[in-house]
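By written order: A, B, C and D. Residues from 1 in each chain.
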């Protein structure tokens, strides 16, 4: 729902919804079609919209650091992910990348060794109504059951320990992607990736701009670093 | 097909295939399963792989500058694109973004006013066997026929002229994305986007790294700029 | 003075000096040679050091935004500033660039139209004991009295209004440098610089790194923007 | 000398000077004052200018990679270098940084172990008429003779081997600067710098801009990397 420049993600069942602009009866909200409007008890009009992934991302619970949208996007585009793909992910973390991948590919097999994180991801997937993710509370270094997958993406402290399993799971030509915040991880992963083709490590820097009003300039505050992305093909 | 660190995209029907590693009979190639190998007349072994989008991208014809993978990826992730979405694109250019979007969403409606570019995109879509793109040799500023689409992406010299049509085509909460190489375009587009919510302009800088061998460092050569991306929601 | 990882700039005359590590008698401090040590009443040892510019920079009063060291450094190196040079600066702001230039060149002529800023600069120059700066509380667009200077650097809201005066003040081959936070200023300055040679606009991005301890990575926080630097030669 | 958008550095003694705009008699050139003009035999007018460091930099011979102006500038500004300073440099390389430092500080002591590089630097210093550099064809790791210097800057393959000598040469509060193209060098240098204060590693990224003409944008080509700069204070 949108009111002014504020947006709210409402889970119908929450009762009652209340905000700085007043309360809304969720039963009435439920009957409102997407695109329609509903008024709060203070008379403020709310636009009712179908939530999209960027909306849900603000609602989901976050356990560890998530892979940011800029990095998630490049994983999709560098690998050419599409709706026929089956992919493996480890670790799931908070499920942010899981949700993005699930929207694109046919099936996501997601490994998360930590039980607390596993529960967070499970809850987030349910919250978003995602059906095509097989979530496992298992250590990916102990084995990947899937075969012939199109991509394996690793976001874990010691990615080098999972590279062998990834290799076995990938179809020929499939992509291995390693996300690593620090260069020591990149180095160890790259050593383990001996034999992969077209190995490449990049980092993506995103800059926000202020535009117009005689003030066109990059914003002063900037996120200096998220992680390095290493790609290779079996 | 892969031989050494070289890869080849072969359109079966090309006859015969020849490379620095010798010739291959395409009939034998046709009978080889993905993942299998085939030998050239020089005895060099080629691995036969199912081509993915990044492979096809090297094969397609390029008319104007394409939107690079890093920018295409962020369009997908910032908008949370998924397999249920219907999106509009203008102009199609060489069809690089079209192909990426087609792999993700349900339907792409693609406008390209220049007939020469239109023909290039048409040929590239056929080459890649893409079925879910409706390609039109039409000027998007003259009107977008589609309604309730999830995203409109504009890559054209005067995006501001198409913002009004984009607004009408978008469902509430849907995303408008403007790709512009120069800041003057960004400024004009942002002025036209008055009334859109959460308007934001970013640029993405990609850095390639050399890793390991006591030479860990960013590469000397770097692409300094592709384009600015402006996002807003109806 | 240095104690642990903390450093203190002490103006002798301040009496008494006190810090989290205890008080120090300034008379004893005065008698201590640079490089020697002095103890606080709590027994903590302080190393007495001759202050350098980066130390003084933390002590000076700041009125408006200062030109950062990275940008000041590039002004010096791109223009090849040296101890024989005479340079003009406008506006002086807080005097940060003034102090750096004064350490390098023979003479700095510094214009500052705002009286409040002028007073801040005057105080900062006195604090640092700088003798080779001629500071003027005057509007640079009303005229630059100096002739045959080696560089003019402009840091002001409408640099284009001072370009003509800068041209007259510069010796042939001398450098005009314009520092501008926003691109609209850059555009206006560049238009006014018609006829200058080798005109070039750059921006410098500085990234801090965490090194070693298995955590080698760019810092998360980063200053996204300070200003654009435009150089041209008469 | 300047003709059109071209500039020429002429060593008087070269005889005759010739360019695409025709020949110039060097005796007449010698008699022309800086700022005056001289005509070639083709009638093209040349402006005669006093060469500055950036001009000489294009004339000097280059043996190894030089420290670029952006990095040299930041060395000066982060250390607050000034005309009273005595500094040590190793290795001299081609003398690019040497020339910049010599213009600013009182005395530069420059170590270069390789005889071929030493000869290049010697020639470049003579060409530029620099008098305040003591150039030594010696290995800096074998000992720095100078004491109480204000800065030591190391640009060498194994900077860690010279850190101990640098520490002995520096006055308390003096700066050690290490320039290293690769991160492994940075790591080794930082380990050796145990005990230095305010240790900090940065990299500087410089971006060139195209301005105006409805084409305001960063240039497509960009230098992705030069080196990392590590600063610490004794």
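Following the convention adopted for this analysis, a contact is a pair of C-beta atoms (placed from the backbone, for glycine too) under 8 Å apart; a residue touches a chain by one contact, two chains touch by 3 or more.
As the structure is a prediction and not an experimental result, all values here were calculated from the model.
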Separation of chain B from chain C in touching-chain steps, minimised, is 2
Averaging C-alpha coordinates per chain, one finds the centres of chain A and chain D separated by a number of Å equal to 47
For the pair chain B and chain D, the C-alpha centroid-to-centroid distance in angstrom is 44
Dist(centroid_CA(chain C), centroid_CA(chain D)) in Å evaluates to 21
Each of the following residues of chain B touches two or more other chains, namely 183, 207-208, 216
Pairs of chains in contact here are A-B, A-C, B-D, C-D
As the complex stands, chain D meets chain B at residues 181-184, 207-208, 214-225
Chain D residues touching chain C in their complex are 2, 5, 7, 34-35, 47, 49-57, 69-70, 72-83, 100, 103-104, 150, 171-173, 175, 183, 186-187, 190-191, 197-198, 200-209, 211-212, 216, 228, 230
